[in-house]
Each structure stands twice: as C-alpha cells, then as structure tokens.
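Residue numbering begins at 1 within each chain, and the chains themselves are lettered A, B, C and D in the order written.
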Amino acid sequence: MQNATITDKLREECGVFGAFGKEASLAELAYYGVFSLQHRGQESAGIAVSDGSSIASFKGQGLISDVFTKEVIMDLTRSNDKVAVAHTRYSTAGAKGIINAQPLVAQYLNGGIALAHNGNLVNAKKIRRDLEKEGYLFQTDSDTECILNILAKNKYRGHVSALGEVVRLAEGAYSLAMIYDGKLIGLRDPAGIRPLCIGKKNDTWIIASESCALTTVGAELVRDVEPGELIVIDESGLSSYILSDRRQDGGLCIFEYIYFARPDTTINNKSVYLQRHKMGQQLAKEAPVEADIVTPVPDSGRSAAVGYSQAANIPFTEGLIKNRYVARTFITPEQSEREIKVRLKLSPIPEVFKDKRVVLVDDSIVRGTTIKSLINIIKEAGAKEVHVRISSPPYVSPCYYGIDTPDADNLAAALYTPEEIMENIDADSLHYLSLDGLLKSVGGEKTDYCNACFTKNYFAGRIKNE
Amino acid sequence: MQNATITDKLREECGVFGAFGKEASLAELAYYGVFSLQHRGQESAGIAVSDGSSIASFKGQGLISDVFTKEVIMDLTRSNDKVAVAHTRYSTAGAKGIINAQPLVAQYLNGGIALAHNGNLVNAKKIRRDLEKEGYLFQTDSDTECILNILAKNKYRGHVSALGEVVRLAEGAYSLAMIYDGKLIGLRDPAGIRPLCIGKKNDTWIIASESCALTTVGAELVRDVEPGELIVIDESGLSSYILSDRRQDGGLCIFEYIYFARPDTTINNKSVYLQRHKMGQQLAKEAPVEADIVTPVPDSGRSAAVGYSQAANIPFTEGLIKNRYVARTFITPEQSEREIKVRLKLSPIPEVFKDKRVVLVDDSIVRGTTIKSLINIIKEAGAKEVHVRISSPPYVSPCYYGIDTPDADNLAAALYTPEEIMENIDADSLHYLSLDGLLKSVGGEKTDYCNACFTKNYFAGRIKNE
Amino acid sequence: MQNATITDKLREECGVFGAFGKEASLAELAYYGVFSLQHRGQESAGIAVSDGSSIASFKGQGLISDVFTKEVIMDLTRSNDKVAVAHTRYSTAGAKGIINAQPLVAQYLNGGIALAHNGNLVNAKKIRRDLEKEGYLFQTDSDTECILNILAKNKYRGHVSALGEVVRLAEGAYSLAMIYDGKLIGLRDPAGIRPLCIGKKNDTWIIASESCALTTVGAELVRDVEPGELIVIDESGLSSYILSDRRQDGGLCIFEYIYFARPDTTINNKSVYLQRHKMGQQLAKEAPVEADIVTPVPDSGRSAAVGYSQAANIPFTEGLIKNRYVARTFITPEQSEREIKVRLKLSPIPEVFKDKRVVLVDDSIVRGTTIKSLINIIKEAGAKEVHVRISSPPYVSPCYYGIDTPDADNLAAALYTPEEIMENIDADSLHYLSLDGLLKSVGGEKTDYCNACFTKNYFAGRIKNE
Amino acid sequence: MQNATITDKLREECGVFGAFGKEASLAELAYYGVFSLQHRGQESAGIAVSDGSSIASFKGQGLISDVFTKEVIMDLTRSNDKVAVAHTRYSTAGAKGIINAQPLVAQYLNGGIALAHNGNLVNAKKIRRDLEKEGYLFQTDSDTECILNILAKNKYRGHVSALGEVVRLAEGAYSLAMIYDGKLIGLRDPAGIRPLCIGKKNDTWIIASESCALTTVGAELVRDVEPGELIVIDESGLSSYILSDRRQDGGLCIFEYIYFARPDTTINNKSVYLQRHKMGQQLAKEAPVEADIVTPVPDSGRSAAVGYSQAANIPFTEGLIKNRYVARTFITPEQSEREIKVRLKLSPIPEVFKDKRVVLVDDSIVRGTTIKSLINIIKEAGAKEVHVRISSPPYVSPCYYGIDTPDADNLAAALYTPEEIMENIDADSLHYLSLDGLLKSVGGEKTDYCNACFTKNYFAGRIKNE
C-alpha cells in the first residue's frame, strides 16, 4: 500500500485560511498561511483569489508544496486582487479526489463564491435530499456543496440573512472561510467545534483555523471567532454578527488541545503547548510510577512527556528517533511484519533504554497496534519495564465532526478495558488521564467542550455522512 | 509557444460516444470509440460508466492516449456496468481546463447524470442568467452545465418531457450522448448541425459523433439520429421521440463534409471521402488550368486533389511531406521566420516540383498565412507556377455552433477579394469552389445545410457565448 | 502492452545531426534538425553543444518534443557555443534506456567527446573484449562506447589517425556525428551503409543523416559524405580525408530508398520519393493486373502506389484512412482480435471499395500479420478482389547493420513462398518487385547496395551484437 | 528558489548500504536500508542487485521514496539475486545529476561492478589525469569513477590486490559498498573518516554507513569496519583484509557525532545520542548561565539541550515548533525578509518564552543567519534574555572529505570572534563547547578524529575536487 498510515493517529480533515487586503501577492500570503496548516490535511489543497468581480483558483492533489509551484502562485498573483481563501484537506483518494478539493468555486446570481470548509455537517444527507427535491443538483460528494446551494437558493436575501439560513439548516461542525461577492467571510458553527481565529497584518485582515498561520505570515492574533459568529470583512473593515442565540452545550473539540492543533497555536487564549504540558503534569499526579526515564512517542507525546518528567522529577530523554522522510514510503504487502513498518518511522536508541524503567508518554491510543510494536522495540533495546501513560481518556467512540476515525470496533478502548489493553500491548502498566484531570488541565467545564469521543455525548447530532 | 498551431486550420470542438450493452469492458469500448474521434478535439478527454445506480468517471487534460492509461481503463472496468459515455474536447487551457472537461457528472433527485456535448448553445448566457435568478449556481464555464440544471429543475417530469424542455429552451448546436438514470440518451438539435449516428455491435447499442467510431469498434452503422430526435436506449431496446416539429431551415454543418469529419465517416448516407473527391472534380470543372501536376496540402487537401487530378487528367503527385510528429513541437519566439515553422511540418520534394506547373489543392483558407509560406517553399523548390485551388467557397464569417474560428478580422476572405489574396500569397492563380458547385457535389439545397461561414446566414442565432 | 507496434514495419535505429558555426542558438538549430529525423528513432533523444572547451548536453527518453522543452533548449543555449551534435534513437526500453541514450559524452586526455552514431558494429563484442583485456570498462550496453574507448586509447595520435584506428577496427555500419576537441566530425563506414550528408546554411556547416534535415533548417545540400570518408569541420572550414582504400562490395542500404528515409530526402543525388515512384512504375510493368483502383497502405505505400497507378493507368484512390494519434495507444491483452488493433490505425472507406477490384500497394511484408487484416477489412468493406503489390523483393533475412528486424523465423518470406503467403493472407494475387526491377528503379549494380535482407549476402559481416 | 535551504546546516553527501544473502527481495531490503540513511543525502538515490552474473540497477533524482515506487522495487526483485548495494546522495542539480547518481555500474573484463561511495577523494583530479594519460576516459564528473577505472586497469590482479591498489592511490575519505564479481565488498579509507559498519540478519550480511540502517531492517550490529579494512562477503562468509598499515593520524569525522549521524546510530560502540547528551552536559559545565528554561533548535540541538538542562538543572522545554513539511517549499525572491523563511520552518510558542531567560542550544553555527532570526523571533515572543550555547567548537574551515560546506568567507567563525558573532546575532551571551570539552565528551585523543573544520589540521590532504 502506497503511503501507508504507519502509526495509528487520528487525522484532522481540514484547515482553512483567508485574507483581505492589499498585498504584493495575496496568493503567496495564502500559500504561506495554508502551508502552516498542512498538519490539518495532506491530500489536496487549493487557493482562490478575487479582485471583487472574478475569481481565479487552483486546486490539486498532494501536499501544498507539490500542488503549488512558484509558477502557479505567480499565475494566481493579480495586482488587483483583494481577497483570498485557501484550504488543505485530507480527502478521499483517486479520481474523484480533485473534484472534491476545496475551495469550491461557483457563480450564482450575485457573483462568485469560493468556499473553504473545516468540519462536517451531520445532516448533509437530509439537506441534500431536500435541495434535490427542489431541483438542485450536486457535482461533488462533499457536504460543503450543500452550503453553496443554500446560498444560491437564498440569493435575494442579503449576505447576513443568507448565511443565517446556513446556520439555521446546517447541523454539526463548520468553520468557514469564504470569498462571497468580493468580501471575506468567516463563520463558525454555534457550538464552535472547530477553531477559527482572526488576525491582522498591517491593514490586511486574516482568518485562519489556527493562530500558527498568523505567526507564520507575520500577523497578530486579534481574537477567536466566537461560536455562531459571522465575520464579514471588506473595505470598510470587519463587521460581526451573532447568527445563533442557540446556546449549545458542548463546544471546542477537546482533541484540538490534545493532538490536532500545532503546539505553537493559541485557542481561546490558551497555548496548546502549555495545555499539553499541563496534561502531562496532571498525568504524573494521577498515575505516578517509579522509573528511570520519561520518553515521548515523538512528536505527538513530547509536550506531555516534558510535563510528566517535570512533575514526576524523572529525567526526560528522547529514546525514539523519528525518520523525517517516512510520509511517502510504501510498504509492500509482502512485508507482513508490523514491526518493520514501525521501525521505518521510529527507531530506538539502545543506550537510552538499556536496563532502564521507562515511562512512555503518548497523547492517545486509537487502534493500539503501534504502541504494542513500540513497547516490543523498546524492550528488545534493553528496557526492564515500560509504563505507558496516555495524556487523554480512553478513546471509545468515533468523531462525526470532521475527524477521520476508525469505526468503534477498531477502537481499542471501545473493545477492551485498560487492563486488557495493558496486557495485550505487553506494557508493565498503562494509565490514561481522567476526564476530570483533562478538564482541570485545559480549564473549564465538561459542557465547554465536545468530548463525545470519550463520553459518547454527541450533543450536535451523530449521523455521519458518507 | 508550446504546441503552436502551425497551420491555420479550423478546429472542431468536440466528439461524443456512448454505448449500452454487456461488454467485457464498456470503458475499453468507449476508449476505442472516442480514440477514433480524437481529430474532433485534442485537449481533454473523459469517460463515464454506470451500472444503473452509481456513475464512475475519469477525466483529464491532453490526448486520449495520455489521459487514459491501461490502469485507468482497468479501474473504470466494473463487471456490472451497462452504459458508458465518452468525450473528447478542444478546451480552454490552464487550470480551469479540467473543471470544464466532459462528461459533466452530477447527482440529482432521480439519480446520476453524465453528459457529453458536441456543439455550442448560442443562448447559454440567457439560460444561465434565468437559472441563476431561480437560485441555481454554476461550477463550470461551460454552456453544457445549463443542460444539467434544466434537467434537474424538471426532475418531476419523465425523461422525455425533461429533455423536451432542453430542446424548447436551448438554441444553437447540440449533439448529446448521456447517461441518464441508467439509460443511454442521444439527442440532436432540431437543425441537426453536428452529426450523431447510431450503431450496433451484437447486442450493444452505440451512438457516436461519426460512423468511423463504429467501424473502429467493429459495429454496424444503423442510421443517423435525426435532427430534433431523442433516442433512449435501455434493456428494452431503442426508443425514438421527435421532440421538435419546428422545421428549421439549415441543417448539417457543411464543413463536416469539407474538412472536419474523418474521410472514412458516412453522414446522411454519404461518404465524406467521396464528397471531397466530388468537390475536387467539380473544382476542376469550375477552375481548370494548364499544369503538369496536382498535389495536395496533406492531409486535408488529399481527397479533393485526387478528384481534381482525375477530372482534369493531370497526374496526381505528393510533393509535400508531412512530419507526423509535429503536433507537440514548440516554436521559440526567436524563431521569427514563419517559414521554418511551416517547414517543420511540411517539406517539399524538389524533384517533384522542379520546372513544373503545379496545382496545389487545399480544403480552405482561414488566415492565409500557411498557404503563402507553402507557395514560397514550392517555388524555391523549382516550381514554375503554383495554382491554388480551394475545395470550398471563401470563408468569410465565424462559426458560433461549436467550431473554434478566428474573429472576422483575421479571416482572409472577410478582408480581401480572391484576387487580392492571390497576389498576397504569390499564387499564379487562385480559385475557390462556388457555393453552387459545393452543393452540387454534396447533394441537396442551400437550406439543407448550415453554410453561414460562407453566407453569413445564421439561421440558428449568432450570439457566441464566452 | 503500451505503445504496441500495430503494423509490422521495420524500424530504423537512429538519426544523427551536427552543426558548426555561429548561430543565435546552436541547440535550437540542432533541435529542429533532429526533429526532422524523428522517423529514424522515437524512443530517446539527445543534444550536446560545445564552445570548444566544455560540453553541455541533455538526453531523455521519449519523442524529441517530449524530451526537449523550450526551457531545456534555453538552458543549452550558450552564446559562445560553436558546435553541436544531436541524436534520435529507437532504444531498448526501461531503466537502462537513458544510460544508452546518445550522444555519449566523455572526457579524455585531450578534452571532451560527444558522439552520435547511426548503425551497428558487427564486431563490437570482440572489440569490447579486447579493450576489456587492456583494462577498459564499459558503462553502457552500446556498441558506440567501443568507439569512445578506441579514441581514448589513441589519445596521443592526431584526430585523423585516431579516427583511422576506428575505421581499421570497426566492422559494420556507422555514420557518425561527433564533437571532438571542439571540431565537428562526420565519418561514414567504408561501405557507406547508412546515409550521411553535408549541408551549409550561410556560414554554418551541417551534417545529417538525411537531407530533409537540411531543408527543415533552411540549409543547402552540399553533398553526401563518401563511404570511408572523414569530414573535419572547424574555424578553418571543412577538410576531407579518405580513411579507407578498402573498396568494398556493397554500399548504401537499399531499404533507405524503399522505406526508411523520408520521401523528401535526397541520397546520392537521387530523390527518395522519385525512387519509390519508379519502383511502383516498375512493379506495374512486372506484375500488371486488371483492376478498378490502386490504393496504398498509408503512408509507406503511397509513393509507389502513385507510380503504379500512372504506369498501369488505373485510378489512384485513398481507401484506407490512417489515425494520426495512434502512436501512443495501448492495446490490452484482452483485446485479442488483431483486427481492432489494425482498425484503430487504419480504417477503410466502404464507398471506395464497394464492388471494386483493388490493387493494394505497400513497400514490404515483414511478418505478414497486418496485410492479412487489411485485406480482410477491405473485403468486408465490399471489395471484390484484392491484389497485393509489394515494391521490394521478399524480405528473407534479418539486418545486422542498424535496423530492428525480427528473427528469420518471424519473417513471412523466410518461411513461405509468395504463393503460400498469398493464400495465407487471402489475397487474390501477390507480387513482389524483382531485385533486378528494384535495381533498375534505383539505378546501379547489385554490388552498389547492401541488399542482404533480400539475398543473404552479408558483405560486411553478420554477427549481430546483443 | 525551489527547495531553499532555509536553515544553514551542513550537508552530508552520501549514505551507502549493501547486503549479501538470500532474501525474498534483496531490492526491498536495500530500499528499507537506504531509506533509513536518507538524512545523509536527499537528491538522488540508486539500488543495484546481482545474481552473480548480471547486474540490474535503477537510479533517479529526488528522495528515495520518489525514486523508488513499488513497481520499480518489484522490477528489481529477481529470485536469484544474492547481493545488492544502494546509495543516497546530495548531488549537483540539473541535467547532469542523473549521470552522477550512484551506484556507478560498469562491466570490465571479469564481470560487473556496482559501486556506492561515501566520502571524497582529495586527489581525484590527479588520479584522473594519470588515468587519462594511459588512455582512460570519464563519463561522469564524479571522483568515484576513478575507483572504477583503477579496478578495471588492475583486472588481472585478484580482488584484494586490485582494491589494495585503490587504497594505495586514493587519498581522502571513502567508505565503499560494492558489488564486485558477485561478492559484496566493504572498504574504508585508512583514516576511517566516514563511518561504515557490518551487520547480520539471520544468514544475510549487511554493510551500512550507519547502524540505524541495521536496526531498521531488523539486523544486529556486528562491528564497525576498521579504518583501512577490506571486507569481502560471499557464499563462504566474511573475509577481512587490512589493506593499509599506514597508521594515520586523524580518523572518524567528529562531526558525525555532533550532527551528521542519526542519534540512534552507534559508531565505534558509542551511541551518537549519548555523545550529544554528554556534549550538552559538558557545555553546561563550561558555560553555565542563570536562566529559566533550556530549549533546543529542533531537531539538531535537542539531544545536547536535554543534556545541558540536566547538568544545569534548568527545566527543558520545547519552545520552537518545526514544520514537518518544509523540505520542499519554495521561497519567492520577492519574499525578501529572511524571517518569514525561518518562521515557515520554526515557529515560537509565545507562552513558553514570555518573560523568560532562555538558553538556546544548537549543534553548530555555519553562516549564522538562521540563529540571528531565531533569536529575534524568540525575543519578539517575549523572552527577556537569549543565551546561545553551541555543542561544538567554532566551525572555522571547510571540509574536503565529503561534506558540503560553504567557502571560508561564508563561515561566521572564520570571519568573526565569538564576541562579534554574539553581538551580530543579538544574543545575550554565546558560548561554544571547547575542543577539549568535545573530546572529553566523545572520548579519545585529538588525533583519533578528523577535526580539521575546527583546527584546520587537514591530515588527509585538502585539495577539494570540483
């Protein structure tokens, strides 16, 4: 299988970026912005720019740096452009991939739309069926096309009202960056499941999935878009509209803090890195162990491992080395042993592990296959004991809001108790961070976050669209 | 400039192909079929197949043989498929090209549609505007998307009625091959501007732009689709509906006989090759000249040249050799002399021309640039006289029905008299076939053909859509 | 199989081109030159240029227009360059292909060499072995590398003497174009098997496999390089050396006149087109038949068919239409019927053949598979009789001098009598041109040409190198 | 510039791998092996396999995962193969790149050679000239081709003697993996500048630049190849020959421990990770500072930073986040500010740095441009003080033994004192590890290592070949 997923991490499905202002090249700004969101989707990418009348766009499959050559960015650089949106995506592979790549671009009565969407509408099938009954057709498989058609249908309403119709009809997760009749639009669902923030660089306004994109392009973080808030940016500046007074339980996906977001991102004024550090500290309090070294599964467990090490006063050491080039490697079916797949990606330093009692820290266990191989590798390298510490609660139920999760019957924690998992993976001990401990680390109440993957409490609907 | 158009020929914009039946691989059948229509469009290609419920498709930019590798055809080969359509296109270049490639595929209330279109709707802008007012949006630049939306809008009508609505609204040229809820649909505009024919290979029904596609896949020509006729093919066989009783003046584009169609194609029971042969014979009667040899501009003038030679009793000889590999060559801007561009494509045999009086036969003069270079080359090779004979009338006005034509101010015959052109190109004489002579050659009245390019008589509307 | 050989024509293995002079871009001149020799090899191509001290080169697999983009030619354009050579090749496919692509470029004691070779050394294995015994190594599979090593070994001799050593050692066919210490070298084997000619364009000297390359770049044909002649071109002009006084029987490959060379080429002051025309005339005398039309297998049989038609006074008609795009098509193994393969390439015009007695003219029969399918197709199209006329004698024995031929047990004429072949291919009659008739057509004695493929008289050795 | 080098790290030029044994696919084993050496060269890669008589090989430009698709590895998998070598390279770009890619493959009198070389011969020019005088020629620009020709020249000697001749003539750095007449050869220069080790996996022998390649393929490290030692592996097992009794000062490149080798590699029985950890500890002793956090420049400074943190008892924290996708990004010339280039790769976590006194640890300073931008970024993120600690001495002089180094006038430490650099980069303090401290960390005397980049003591010659 080409491009095998060698470790069993969850995958965020999208990142969005938008900019409004006078730049030497808005396309280039968008490129740098979406580049810094590459971790949110690695399979297709697109940029659309507009001068207020016509929209030019380019989309392709692959990493952003493969899709956008310098020539393409030059082609997309037009001196009159004032607004741009960009998107990166974990998309379905194959021939249809390019059709579903975003931003989706369309013409409707009032002009052009370019739409970039992070999240997943849980009632897209129903919306689509209702629209089809009214005579609409769909050229993609994407739930995002529903939003386009709702906007076209409500063409005679003003922007705010038409987007209000989107909020009224759509259920689930959506953080949108949009070119809409020459304006830059940002919109976040009433629960605020996926992040979206506002930045400014001189006179140019920016919206982005994560603040790390602002840092990269040299912009300042202004604030997060609020749940249910519509942001309209044009020559007269930024206007804000609260489109939903539905006060929903739930909110930001707590896994953005645990794993998805980049550690240098700030969400709701909280540093993702520090949140992970605190999770590690809390985990040390909840699940101490006598050991000689603390070592992370790189890179996902590093922040929590440093926190654990400091709270537990056990030396932090890097004992597993990650091969930086592994993303594109194929694994032949012949190569049936799972361990070579893991070893291609992560390699142990025997001198670190020899005769040591090891605390191995990671952010989560999904299928549980990789952690088992890692423990085996670490023990072969000479470790006496391997104690696994996970900086989040057991992951028991799939996500329907924009994350690529295996079915429940492939989730280790949905099938087995921690003790069973511990035995299965040959760990000397295994502890998860408690939900209370997690909430204590990140601050806030249970109802402030979407935590359905730990609790099965799907406040925002759970019909996953195919 | 990469892929320079070295000679100034007109370009047909599309070819369509469809098949319904049980074949080992419908995708492969469609591939061979559309391959034999490659001369009708060289810039993008697509195939869609359906088992009656889901549609699989693949589209790409380039020649058919570049777009469709064996692997792609294998991927498109599903044992349950029963219907396929394919398309080849001369499309606008660049990033948007792939978006506009056909067949267009969409889902609407009743299922899937895959639509391949040859021709051009002259009122597409108005249709589009009307549909936008009703809340529809457009994701491509193509006039063909109008047809998709008309069908979606009329979803509660039966097939025949919905397609009747297309015929009622659409003006201009359209020969369609379509997968529509698991059936194969063929439809030709009431004037019958672009060709479309029906064939059969064992139990498999086929529709195609030209009968040469039938010959290639081993099918028999059954008959042409009539102007204004709708063909519906499913398990119960072929049904025919006459959707228009508008008896329109005009009809088949007469240039299909002159240049566009492949010589081995039969349209309206008439062999294209023989029609061209007759045009050459008629031309010899209308414009005789004392000469030593008759030679064609290959390949377009060959059939008429053979006819001229036989009627004039002057030996036929091939004096210009065509480089078969020229299609993809670039010409650098530095290479300003036009003649090297021509010589790369067509090279003279000096021994043929030395001291000879030459009749040079071609099908048409568009800009007039190439013929001038050719005459110069032939004279440098030693010819005493070059008499140009064109097997069609002066081309004075652009086509709005699916042909890529230069603007009128780039058409030699729109700007100059034949005498002026003769002098400009350094010919010793220049004669065009008369319109009457042309009609006599192909059979029929002036009103049986669209001949607006010679007469400016645009019976079917002339607003060219951008 | 991708890129199937659909008809069974022989394939020339190479074309060479060289230029010495001050041009705006020697690389571009070489590009146009080798482009016009594309018919001599379609699988790899290369250009090398030199300013007298350093050599820059680029080689790649595929058609010349695929290998050389405008950017590559620009990169190869250096203002001080004074000499260039180029090569096009039918090469072995796969990973090794690029290693064997030419020009071969090397550094030796006195400077750089870039060598382009058309032909095949029959004693390459022995030369290689001898050189290996002296401590030389070989990095390619090519016989051409022997010549490089002979030159390096004779580094202390002057140019003429070192090249004399090549002539002394090498047996078989070689027409060379070479950059050698800043000079342009042309060398032809003492039998003169492969063609090589000299041209001039203003102050720029050119050597090329065929004169059609001169015509394309706007140069005049000066003369052919003589068998055994060495041409050295530098700032002081052209010097000629006769390196061999061996007067060999045999000479120019007679198949260059029959099929390989482009019809607009002149070899030994004889037009290839006219030679083929004469072969057709002679064939009409030797093998007349009552018939209604003469039609060629396009494009290879056209010149002879016109000649046959005129001598026999039977109308010439084109009845088979060639698909210009067929070169790159794949044929799946599933598609077992040979006829679809043929039909993809050649399609009959039924109206031409209906109830006709047909003379079908081609230049040669190799395996005999295609001609059988063609006769079948023509008869299905309605022909009453098909009389096959071949404008060369039976091809009974493989070539060892630079042509890709099947083994003798795949050559129809090596296995069967003309009568047997006639029956096998379902022809109503079959006649080959006699060797005497061929010689009469082209002029000269049997010993003036290499005709081993007809006579098995391998004057120049027959050990084919792998 | 495409693929800009964003940080100014030195680049190792090559990695080699070889295997002898019966494996399901030796090519696949070699692929995994060389894949784990990707950090030693990212611009071209190759694998050669042999069954003892013929050699099959594939080479290409780009990352290993781009060059070797599954199909290519399948093609290279032959059931009889018994020996393989592979290479990865930082090579010169452009058309010539592929010519210089390794393994170099050649035929000489006794059979085939495939040669993979890590290092650089300092007297290659002289060897080449001497060989040219004897009549040898060179088809590449690579110093490695000298070794091929020396072997060919000494064809009548046995293997050991011919390779002894290589050792006698070649000066500089060379660690070789070679297929030589069906045997696997490993050879290391008498100083042992570049690493080379021996491993075993069941009955398969392996040699590799670093032991991390052994770990990846599941092999055990047997031992390092000794300086001046020749290893010959065939069916009868491993034989060892000491080809040089020259006891040379100098030895292993000390920068392998500092930066080049992967941390999970073991060289001379010493873990690279632990060596770096010790360097960090030693640095803390030599250059203590009052600070709040220790943070590395990821990934190169991490091991030393952990060591520094533990010895200094200052908390270790990751404050700079590395974008994993940056390798292929282009930077337009318009984007003149250096800082966006750095920010694309490394992004600060403001909450980590706010009001902190920071110890920033890296392994070396080459040009000094990146560290300056990083300090600026860290201070903008709120740091009060930034103290730079470098875990190696000032890098004052270029490497001639296989490392891509800038000229001396681009080396910060060659031009400025540490104080001047400190001021220039706006650090609050700057300290390098002393050479004595470095030797104390890694163990051994000054003469046990090549340390010319710190001392200009080029024991093995310094003529860098172009």
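Just so it is clear, a contact is a pair of C-beta atoms (placed from the backbone, for glycine too) under 8 Å apart; a residue touches a chain by one contact, two chains touch by 3 or more.
Computed from a predicted structure; not experimentally measured.
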item	value
Shortest chain-hopping distance from chain B out to chain D	2
Topological distance between chain A and chain C, in contact steps	2
Contact-richer chain pair (by C-beta pairs counted) among B-C and A-B	B-C
Chain centre separation in whole Å, for chain B relative to chain A (CA means)	49
Interchain centroid distance [CA atoms averaged], chain B/chain C, Å	35
Numbers and ranges of chain D residues touching at least 2 other chains	none
Chains grouped in pairs wherever the two touch, ordered by label	A-B, A-D, B-C, C-D
Residues on chain C engaged by chain D in the complex (per definition of touch)	57-59, 72, 75, 94-95, 98, 104-109, 113, 129, 132-133, 135-139, 148-149, 151-155
Residue numbers on chain D that touch chain A, as the complex places them	2, 24-25, 28, 32, 35-36, 38-39, 42, 63-66, 69-70, 73, 212, 215-218, 262-264, 266, 271, 273-274, 277, 299, 302-303, 306, 309-310, 315-318, 321, 323-325, 327-330, 332, 334-335, 337, 339-340, 343-344, 347-352
